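Listed next: structures, encoded as structure tokens.
Next come two complexes, and both contain chain A; in the first it sits with chain B, in the second with chain C.
Now for the complex of A and B:
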């Protein structure tokens, strides 16, 4: 028996959904979607579930993650019911649902909590740097250590349990009993999608979509490699010219591409960028700040000015802490994992169905 | 014709379609003097183009031509064809109307409709009566069932070879005819300007104008009418007899995405409302096609079937039992099949099963919706004839007196006030006529 949550429509509105109950079920959105296939038809089904409040069906569905928001469904919708934005809001809702701490939901629904958290971390960092009495070298060393421990900690305490929850909701609870070898066989899907966002290229082949994919692809690669460069190659302390230049290129790519993305959100150039939520803004702005402040810190080190202009490092460190403790575990960053794991689980379910036949 | 008649009328009816004719006849039968103004060369409106009418499958021409003759010959009705309303001014309770009669270059009083001119004319032009699927001559009777049956020259296309002038026995042809301004005075005005069909090019997803085997429903109605263009039912792309026909309902109705696709407004604006006729005319055409092409498959893609009138649901059920396929799902895209066969692929979600489908058809008919044709309001200069939200003529007392407008003495009949089928248009015309009659009576006392 299906459980109906009559408040679901109101709830999802807080995650950004708009007008979706105007839908009269014509199926135009599903038919116009280039990514929708007979194995996974969307978005109409998700709209139907949302209007009816079939929360469990949405919770166990991977479909919201299969959408890359090209926006064709929204522009062609005869009711202008905004199916694309509903899918986006469902992704936010799922992120909140997967999160065992419940903090994601709070941050998505209440901007005040988001801002409050950011300010608290700012105070903590500034307090630590200026009142702990530690020398600048030690602070920078701690900064590096923080990065390592934050990554490990956030992953172990928040992200890993959340992915296990996602797996439980979407694979185990719907009673998909896939043998272990299927999990191995499907593993390539996880990494291909994680690093290439290949599925996005399945959207209608337009110049805008290709450019958007390329920019996003470069951004992901730059972000991941900058992470590697700072954490494992110790960019801020290294003397290897190659590593220094690598870091410059990566951080520059990040702030340049995020600038492009921010301008798209300001100009509302396409359906995807028309309805920006606070979580979208925090994500893109903080990524931009990460890129530009790390670039600036390394530049100051190379110019031997870091000791006189130490406040630049303070800003960088604040941004880093806010990024690592709020946006990565509870914000939009998680789509990086959930999307690729959704593709992985979808593949497992598909392979398992083939085996059964 | 008009100069030797008085310029005072009890009522001026603007638009000579089925609603305008009905209103004019009702008033004329009550002994009121009526002027019927029509912008085309013949009265008849959209109905005279149709094959049959739903749900009785009566021949449209057989119903409407007697009415056209009656209107044209009624002693109390004056016809003014090829005429535009320039201005309507309300003064001291009556209306002063300025009209412009465009020249047809054939003397209406002399022409006998013998068609000799048509046979000798060397210039072929598109036949708009047949939705431009075939040609006619630059001088011709507007269409076979035209009333009055008087030739006219399309001067923009005319070669000035004067062959028609030589062959015309009553010497009716006059190349120097000039437009003529006429002023008339009327006690009341009835607006029966009808509707426009949605232009299917404004829904580019369906490829009308790009793929020749995508046609609109008016073209299909012409193809199945007894006076049809090819004398056989052929698809326009290559003349093949179609055997797998698709109907896409709600093309340009109940659709608020049109402005997104076209990046425009006003001339191709969104149309969120139901056109009320497309379901039924598509079902009618499907039934007629089953008779004309017994081996053809016919599929109607719909969002909802709205069979609300008397006998309509039965008509729908009858189509189903005849074997017409009804599939719930709005077609998102029409693309050509890549084998140059001229066939088309329709992509849609079968809403009943939730499955995505891509299905081949060899002829696609777009069931285009009803849009307002209310440019006439601009000609009311000293008082405002208001429009409703959808830009149809506003009915100020829609439930109680549906033919009243924002100007006292101006009444609305038929689809000028909103989408209607033929029976409802005639009902509405009756209502407008009685409201107008009572107004004229009160006014003259």
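Now for the complex of A and C:
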């Protein structure tokens, strides 16, 4: 027996959902969704759960992650109930639910906290650079160290526990008892999705969608390899021409593609970009800043101007810190991670069902 | 051989003439028969040409013709001419149904100076060509029989006059709810006196008891007050409250209503009666969804009162109400129970109440447990608005209704939600509102027995035909309006009572009214007043009267509907129905059973039609021959043909389509401008 919670609707509204109350359960959205399958039908079911406030059902569902927000459902809904946007809001809500620190929810729901946090980090970075009395080389060295430790720390303290929580909610609690070998067998799904986001291609096969997927793919690849280039190949200090050029290409790809994405959001070209939330904006702007400032810093180093124009590094470092401490652990970045794991868990559940049969 | 061809032609017509009857009439001697092709509808299967030749040989038949379209203006003109030229004293039209064209051909007779009742309609389309399209030969034989039956019948037909009665220009309206009140105003404005008879102490009925009304947002009481003010200003309306209808007698144009108002007994003379007695709300049984078992279960009507009387906060029994569950279809749509119908207005009413709650009080959650949402028409906006406000809709099915229980002072609802894979949901609420439907009034039997209005299986009053005669009852002069007829919202109730008002006005307007003379009549010589006929007459049309020193039956021609029940029960065969006399019916049977000798169709139309200069097209309209010769070796468009022949293009279109059907012409593509079709002769 499930308990109705009518207040859930108000809660999910704070995560961006709008008008989903208008749904009259015709099921058109599910019928048109190219990613919905007989085994996993959505989004109508998720809308129904949200209306009734069946939190347990939503918490244990991977379906919100299976949606790539192509917007088909929203444009075909006869009630303008915006099912696609609800799925997006559920992803935000799930991110907040998985997060053991509770900070994700806080940052989503309260803009002031978000901006406050960003400003505090800005102050900390500026304070560190200009008042610690350290030389510029040492500051840049610490920057590199920070990057390494931040990545390790955020992953170990926040992301890993959150993924374990996600696994608990979606696999363990619903009593999916899969043997270890299934976990191994499904592992390929995790990596394939993480790097290629290939499921996105399952959406309506249009030219725009393929371009979008390609851009997305290059962006993910550039982002991950830039991370590798700066952290492990020490891009800012290296003297290898190959590594230097590699870094240039990667950072350039990032800021060019993010510029395209930003213009899509401004022009609201498709459903996915019609209802941008502040968190969406922060994500894409900061990614853009990451790309352009690291490009600039390396350029200044190569031109031997970094000492005279050190403020450029200050900006880069601030963006990096904000990115690593707020956006990556609590913001939209996690969607990328959870989505890949959702595919992984979904695969595990599927394989396990097959095994049982 | 068809069973219709049985040898049975030995009965002579003298049998009828020797029979004891006091209504001997002169047999018709000069009969005209018209058999219709119906543009192929009939003649494709029934050999109408041969029939018209055969019928020409029948006794007393002066003219027998087959015509392309009997109902067309030109054929009607021909008929009028024939009647005058040939001095016909009766006509038979063998075409489609009497429902469709009785009036058409009665008017033909009238225009030709013939009594309209000296015409008989025979249906050779629905009953022959359409029904037996697989057996054209048998269809032809059957048509032959039916036409002969028609000829025999028309031989006995009498010239009849419509019954004219004087009508009281006064109307009795029973029930002063919104329907009755509104109809009274219109009836009075059209110049009738209106007696508005209300059982209760006050006018206004259910509407006066309701608060805010949906769609307009007005208050029910205000609407009634306004209407009542208007009624009081109209001297032609007399309102009786606390009045009881005791007895009704008389018939259309002249009813007597016996009404008692307190101790006073009144007799009101009216020409027609409008019944607008309204409905009752369904009363839930004890224990139905916890009704009466829990204080927190109330009906929608009680809830509406609560909304109206609460200020600032919604409080019931001292408790603040923060959540309400509405259970729909209570007492309606019972597939196994008495009330199988949907009460139409309750979905809208419940949602409207929920919106009123949101408007007046804040923070009240609403759960709607429904079976289907039927907010038809503009009322759909209410549903959209309520969804937008966050009301939760849960769909249940009749076989798994929600359960209402009281647990630890909480009213708990459990329900299987059909929109969530029948997931069992539970939640507690502060108040349960039962959305009850409409049922016939508890005293409707009393009214229906006094006025003899039939009721349907739903126990509401029945109209004659829901589409074609929606406010008329089988009792002439008695009309129904509003919810006494079945569930309606206020708009629909007023619409129907106003429709009834204008219907009533059309019959009373002239002060006299004409009724068809097809009624029962009594043979005064042989009737013994055994009362058998009076006992079976459902319309109370037969009363005794003294005649030549004995009692005999007398038929009230304005109440008699000509149903014919009385005829067979009379032991002395003294009562019969005009136009359905024994003579007519028996002679029809004879005509139908007479042996038919039909030739198999040898020369079909196709053979007759040959293109070229010598187009025969015998038996077809002259214009066909003209079209055919114009089209000889040419292809022409309709406008070209129209110019050449000097015939209007719409007439040409129509003929070309029929010729196409007969295979005389065929389309030959579009013309150069691609504006018109071209036609050519079919080789």
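Going forward, the second predicted complex is superposed on the first by the 356 of 357 C-alpha atoms of A that agree within 3 Å, B and C clash if a C-alpha of one lies under 4 Å from a C-alpha of the other, contacts with A are read in each partner's own complex, and residues count from 1 in each chain.
Here is the rule we go by: a contact is a pair of C-beta atoms (placed from the backbone, for glycine too) under 8 Å apart; a residue touches a chain by one contact, two chains touch by 3 or more.
What you are looking at is a predicted structure, and each value in this text was computed from that prediction instead of being measured.
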> Given the superposition on chain A, are chain B and chain C in a clash or a fit?
Replying inline: clash
> Touching A:146 in the superposition: chain B (first), chain C (second), both, neither?
Replying inline: neither
> Given the touch rule stated above, what does A:261 touch, chain B (first), chain C (second), both, or neither?
Replying inline: neither
> Which of the two partners, first being chain B and second being chain C, lies in contact with A:4: first, second, both, or neither?
Replying inline: second
>> Just to be sure I read the superposition right, which of the two partners does A:28 touch: chain B = first, chain C = second, or both, or neither?
In response: first
>> Taking the superposition on A as described, I'd like to know which of chain B and chain C A:317 touches: first, second, both or neither.
In response: neither
> Of the two partner chains, chain B (first) and chain C (second), which one does A:52 touch, if any: first, second, both, or neither?
Replying inline: second
>> Touch test for A:65: chain B only (first), chain C only (second), both, or neither?
In response: neither
> Common interface residues of chain A with chain B and chain C?
Replying inline: 24-25, 45, 79
> Touching chain B in the complex: which residues of chain A?
Replying inline: 24-28, 30-32, 36-38, 41, 44-45, 75-80
>> If we count contacts the way the header does, which residues on chain B are in touch with chain A in the complex?
In response: 205, 250, 254-257, 260-261, 303-304, 328-333, 347-351, 354-356
> Touching chain A in the complex: which residues of chain C?
Replying inline: 323, 365, 367, 373, 384, 387-395, 414, 417, 419-420, 423-427
>> Please output the residues of chain A touching chain C within their complex, sorted ascending.
In response: 1-4, 6, 9-10, 19, 21-25, 45, 48-49, 51-52, 54, 79
